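Each chain gets a letter, A, B, C, D and E, in the order it is written, and its residues are counted from 1.
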Amino acid sequence: MKKTKSYSSRILRKIKRRKLFDYSYEQPASIPGTLNISQDAIFPNIALIDYDSTQANLITNLSPEACGDHLYTDSVSWFDIGGLGNEDFWQRIGSVFGLHPLILEDIVNVPQRPKIENYQDQLIIITKMVLPNLDGGGFCLEQVSFVVGQKYLLTVQEGSDRDCFEPIRQRIQFNKGNIRIKGTDYLAYALWDAIIDGFFPLLEIYSEKIEELENEVLFNPTNSTLAKIYQTKRELLALRRAVWTQRNALNVLVRDKSPLITDETIIYLRDCYDHAVQIIDIIETYRELTSSLTDIYLSAVSNKMNEVMKLLTVVSSIFIPLTFVAGIYGMNFNPEASPWNMPELNWYWGYPFFWVMMGIISTSMIYFFWKKGWFSNITPPNQRH
Amino acid sequence: MKKTKSYSSRILRKIKRRKLFDYSYEQPASIPGTLNISQDAIFPNIALIDYDSTQANLITNLSPEACGDHLYTDSVSWFDIGGLGNEDFWQRIGSVFGLHPLILEDIVNVPQRPKIENYQDQLIIITKMVLPNLDGGGFCLEQVSFVVGQKYLLTVQEGSDRDCFEPIRQRIQFNKGNIRIKGTDYLAYALWDAIIDGFFPLLEIYSEKIEELENEVLFNPTNSTLAKIYQTKRELLALRRAVWTQRNALNVLVRDKSPLITDETIIYLRDCYDHAVQIIDIIETYRELTSSLTDIYLSAVSNKMNEVMKLLTVVSSIFIPLTFVAGIYGMNFNPEASPWNMPELNWYWGYPFFWVMMGIISTSMIYFFWKKGWFSNITPPNQRH
Amino acid sequence: MKKTKSYSSRILRKIKRRKLFDYSYEQPASIPGTLNISQDAIFPNIALIDYDSTQANLITNLSPEACGDHLYTDSVSWFDIGGLGNEDFWQRIGSVFGLHPLILEDIVNVPQRPKIENYQDQLIIITKMVLPNLDGGGFCLEQVSFVVGQKYLLTVQEGSDRDCFEPIRQRIQFNKGNIRIKGTDYLAYALWDAIIDGFFPLLEIYSEKIEELENEVLFNPTNSTLAKIYQTKRELLALRRAVWTQRNALNVLVRDKSPLITDETIIYLRDCYDHAVQIIDIIETYRELTSSLTDIYLSAVSNKMNEVMKLLTVVSSIFIPLTFVAGIYGMNFNPEASPWNMPELNWYWGYPFFWVMMGIISTSMIYFFWKKGWFSNITPPNQRH
Amino acid sequence: MKKTKSYSSRILRKIKRRKLFDYSYEQPASIPGTLNISQDAIFPNIALIDYDSTQANLITNLSPEACGDHLYTDSVSWFDIGGLGNEDFWQRIGSVFGLHPLILEDIVNVPQRPKIENYQDQLIIITKMVLPNLDGGGFCLEQVSFVVGQKYLLTVQEGSDRDCFEPIRQRIQFNKGNIRIKGTDYLAYALWDAIIDGFFPLLEIYSEKIEELENEVLFNPTNSTLAKIYQTKRELLALRRAVWTQRNALNVLVRDKSPLITDETIIYLRDCYDHAVQIIDIIETYRELTSSLTDIYLSAVSNKMNEVMKLLTVVSSIFIPLTFVAGIYGMNFNPEASPWNMPELNWYWGYPFFWVMMGIISTSMIYFFWKKGWFSNITPPNQRH
Amino acid sequence: MKKTKSYSSRILRKIKRRKLFDYSYEQPASIPGTLNISQDAIFPNIALIDYDSTQANLITNLSPEACGDHLYTDSVSWFDIGGLGNEDFWQRIGSVFGLHPLILEDIVNVPQRPKIENYQDQLIIITKMVLPNLDGGGFCLEQVSFVVGQKYLLTVQEGSDRDCFEPIRQRIQFNKGNIRIKGTDYLAYALWDAIIDGFFPLLEIYSEKIEELENEVLFNPTNSTLAKIYQTKRELLALRRAVWTQRNALNVLVRDKSPLITDETIIYLRDCYDHAVQIIDIIETYRELTSSLTDIYLSAVSNKMNEVMKLLTVVSSIFIPLTFVAGIYGMNFNPEASPWNMPELNWYWGYPFFWVMMGIISTSMIYFFWKKGWFSNITPPNQRH
């Protein structure tokens, strides 16, 4: 039941670039329901898992028309479409499943804002799945759309190679838990719950990132630290938006009961809603912490400048007066013209006396700075804890 | 169906200047319904598109009285007025269409706050259309007012040369989509949707602007960077206000169903509302990012000052002590007066010994600064990544 | 119909000083309804304008008791009291108009928070009128109280020489618009609308002030700039409070229909409410802009310090090493004691060689700073754009 | 009707220290209703004022049991308890007045959060009275609890020597206003109104404090200025909490009418609610102003540093080059070894020429700095306005 | 009735590490109700206290099945489970008590967000208990779950060695207060009240911490001060989240009355709700204060830098001109070549005159700085108050 790994790198790049402006929009003033499919979209596969309490069958590569045979059977039919194909394909899907043009638009013109829409005998759910980038850094968000019918569930994913539904497929195949004896609403819950819970591992990564940033800011701030904090802020902002909108959609679903959702499933959905609230809670905490880190960074920079200035002041304050005194005894007043002209130069102990004076001046200066507690701070910042 | 390009530059200038204070107000305590038309307003043209499912006719340059013949026919009549004309014109329009004086005031005294007003058999919608400036930088906001009647729609635009309705005119003319078989409410939706979707391309421009600012702030902050950030903030503030008020108006329309709006159109309007929410969402994200950029800029300035101070400190700390030592051996203590007076000056290796001492002092200073990690940072900021 | 210009300068001073703490309060635990009239209050004049659709009469200097004759006639009677007089006067007014002691307190103990109160057959409206100061800078807020009855309207102003009602008086006198054929509720609306619209010209002044501050902050920040920003913030805060509370009062009036207000007037009041919302909108935008200006000012100060430090660093870095070298050749090592002792002093090209060395050192320093891009910034800030 | 002045200084100190953590809490998991009386609490006095429209009697030093005789008489009985006594006392009070253990706890375990509680035939009001400290600086907050019954009112104060009820006692004693012909609800209103209005004089003090801080920050910021701003912020925070909670309690009382409160008194309570809203309004404004002051202080510090740096830069930039030139002519190149070696030293006009050069260098430096506008700022900050 | 002290240090470490990311989550897409028990969980003990008005029995180390005998007896049965055991144990508990799998999940997969859930004949309460760390610094939060039935109460704690319920156990055992004559709802209230009140002593600790920080920031800021402020902020954030969610749960319970809670207990729960509100109030105040402390810290750092710069400027401004003058008289212009060449060197009073000049220059400089008020500030910051 694995999906093929043919994820085009062009899509990946598009998804990465989508960070700041991540909404789809048609040409303004175009006909409502216009599908806006990028040239490099993957041709979609339809995979059907058809199950009831006694059996579960997997059929891949169905044609849209072949789906029609399974829609109104007694068994639960889960159609999973991966990839956003071409327009002709979606028009065929639309007529087989009886989708309103605006629904098709929401499904195909990704990304849309997560939401719930009630159409006569269908419930439309737009969600956002988080997938960590394969190369380690960051994450990408993919839209997953649900069309919940009486006996069928249609899910549409942007990409075709990765999703977080594998454990659910296995629970159906190997009959784990009681998923097989429940209806399409429970299946939709199970999938959405998997999507929401998929944010938790990401949060753990950010937890570690923030702790690293705390250490860096407090003990070893560099020029790039603030850029890292900013990057983290930006990513948390994107995450929050993704979860917040899903939380709202879940809330609508739990409150305004749809005829397609049984009361039993509502209990499960409330649990799912709780998880979304927890995630938002944590993200908010992280955002407050990153904001505080900016303040600390600024003060760390000031502290460093303070140390630089102290060093300069100490060096200057000690040596500038000494240089002045040395400058005096370099003057060429003629001692022969008058007994008042620099008689020190001819004293027997003149030069030793000069050194004693130097010593007194510099020692008292150092004592003054030590008294002010300046030396305690002039330590390399990267060796301080 | 093109509109004439006679946009007076005086208007353009007025619209540009309107950035900060962009509301119209009458002389306080004037009679309600007083029209406040600027001297340089364009004389208005009335263009009528009269269509039903079988045909579509365009009539231009109607007189206000001629409009009356088309108001209660079975076909949909879309009167589009461009330019804010003179008072006589509007009084005639008002009596033909039966407009309340306060409506006329809202239409003519631009700009007003976008809103919905229900009058007996008319629905008034005040919206704001965004038009990118022709010379490239920034944008301007123009008011578009709708009067929705049973079989007619009156739209009033501030200017007469540009709008975002051209695709709709073509959909009507060439019978694309199903716009011809729907009523005035659908036409009003289609136009408003075009106005709302017109904000998306602008957002994409701001997305790029913010990414440029991020690069500039992090890698090459100059004195003008903050002015640019401030300008962006100001423009986002204006955009948000324009969309926010329209979102509220849409919400009122979707919630408190007007008898002039069919249930089917409500579905489309909800889609339009979703788009407005998305736009506000993105603008809010952009505003948070620009706020963070200000913090980063401040810290970048501090970092630069830090480097300046470090350079000064390094130079001073090395050369001031050296200069002091050189000053000592420039003193004129008389070596003949006493064997204690500067005997070094007569040593055989005196001068070479002086240089060795200089070398030791400066090397240990440099080692000290290298140990503190200062040199790693003293690089030209515009060559750092 | 002009009012006399006898505004006492004592009052003016009191109003100016009232900026920060601008609420009236009685002695704690005093009897409710206690009137708290300052010694220098102006003795009040009562001016009556009595009108119906056919005629309008102005009677000035009525005694409180004389008012009673006009209260229940069929014509609309507008009693306008200017000045807060003495306690005896108000007790007489109270008994003629049948005012609750708490109403009298709200009218006389200015300034109160704007609000709406419904008493059996009277509607009390407390508003705040803005008046620009005669000497140009700033503005002052004056309370105007309305008592709306079936056939009469009582307005009470703090001062007696200036208000924004003159155009309304003329509309009544010269029968402009349809004010004469409407009732007291319309008159109250017209007056309140004049008060609200009176804020618009002030906003235009602040719009210009903020643009000036923007220029000053970005191109020529001085020590007094921040004080100006702070002053603007404070005044906007006061303005917002004045309009915000009136907006709330208007909202209550439009929502909870009073029997004294006809449905037709409600339409006009909604228009007035819209204006209040617009004003608050603009003030909020201004406040956000002034907040941003503070950030920019701080960074401008940092930038200026940066330039100062750069100049110091450039001068020091060039001349301190040169001085050191000059110091070396001022040393008195005895060349006769050893051939190693400063043989340069006796070289033929010694002094020219010294100058070549100076030239090389200073040129390479200048090249280093030019490479870092420091010189581009060291320009007088007031000549930069 | 004065109260004795035996306020123990121990209590005073306790109240002063209570600034940051000012809530009472029992030992966690103790029995609900446990009384938590500090050892140094003052032994309570019960003072009864029993009045109807014809007479008013004052009885002091009642025993708790003696109170029972006055509870259900036709006259209004106001029992005023000052001091928080001992547990036995309160158990006796509790049984005489029929108080729920949780009420007793709220009354005795001060300070509690102000609130309203409805028990069958009693209304409990917890309020906070502000008392300026006798030694001038700051204020303290004391809890006053009300138990409103049909014909009696019980008030409990923390301390016994000072309150703000004296004018009310005199209004009852000397039959001023109409307090004697009203019921217990009006008495409770009158007392609470006195408590709320007691905040106004304090606000006036803070108004002056903030104006002083404004002057200090703008014209003469010192190291202690920020500590003063912080202290003011902290006190405003405490004040706001005290009034905010009472505002909420008043709102509940006005909205959810209690059978013990007549409709007439509701009108008076609404007036009292208005005052609370005004106070919060002013406090919020003050808090915004103090926040702005912090920004201004930071920029004033930067400005001062700027001036320090400018002075250093001016002095260094002028004298360091001059010193370098003087250093050159102090070199000992041997003029006899070569005609190129410092021939200037033997020129006839050498020394005067040196001074001319010095003059040119320093004058051009000074002109440069004057052109940059630096000198205009280097003035003692405490002499600038 | 003490619990054993076998708290594994592994658990302690886990709880400490849980600061930033403190929510439990299952493997995404796992079967709902999956129990997620860490390997080092303590094997749970069941302690039963069975009481009615006449007696109270304690039974320890029950097996899950043995609990079944006590569930439906007339006496109140409080089962207290300490430790999160193994999965088999919880499946047995689940079947004996008839718990929904999602309830079991909430109880076992700690920590969950505090909440209330109503299941048919059970009320589920998830709470968070605060326990100060035994080694003094900080605190840890432990989940306590309640299952309230008709005649039984099940509580589940994370750890087994410490809780805040000891006083309640004693009130039952020694029949203090009236706990024995009330039902399970009162017991649940008493326990939850103990949990909420357990936050108060912690707040007192933070009150002291903040006062220490205030002193440190204002009088002796060091590099580590900001780290301490940040740490405090972070802990207050965690506390607020713990109490806030419990406040919401209490609010739901008080508002939406459950059949398992009597009206009398609602009164007590409202008291408990009040305490939660108080705690949040205080935490919010503390958070505002810590935010202000950051500002003050930044300004203290600036002030310190200011002092450093002043010292440098004073020293430089005095000695650099003096050194210049000394440098002049160290020049070697040949007095024999011209009478204009440095005749001062041969003056009789040349050298004394030089010293007089030095004295005048330095005295006027010092006077200048004293006039600017610089010396008043150059005092060791740690000796200033």
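In this text, a residue touches a chain if its C-beta (ideal position, glycine included) is under 8 Å from a C-beta of that chain, and two chains touch if they have at least 3 such contacts.
On a predicted model such as this, the values are computed, not experimentally measured, just so you know.
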| item | value |
| --- | --- |
| Smallest number of contact steps required from chain A to reach chain D | 2 |
| Chains contacting each of chain A and chain C, listed by label | B |
| Fraction-based call for chain C against chain B, same above half, different below | different |
| Approximate Å spacing (C-alpha centroids) for the pair chain C, chain E | 42 |
| Separation of chain A from chain E, taking each centre as the mean of its C-alpha atoms, in whole Å | 26 |
| In chain A, residues with contacts to at least two other chains | 298, 302, 305, 309, 312, 316, 320, 323, 327, 330-332, 342 |
| Touching residues (chain side chain E, partner chain D) in the complex | 164-168, 171, 176-177, 179, 190, 193-194, 197-198, 200-201, 203-204, 207, 210-211, 214, 218, 267-268, 271, 274-275, 277-278, 281-282, 285-286, 288-289, 292-293, 295-296, 298-300, 302-303, 305-306, 309-310, 312-313, 316-317, 320-321, 323-324, 327-328, 330-334, 337-338, 340-342, 371-373, 377, 384 |
| Partner chain D, residues of chain C touching it in the complex | 20-21, 23, 25-32, 100, 102, 105, 112-113, 115, 223, 226-227, 230, 233-234, 237-238, 241, 294, 297-298, 301-302, 304-305, 308-309, 311-312, 315-316, 319-320, 322-323, 326-327, 329-332, 342, 344-352, 354, 380-382 |
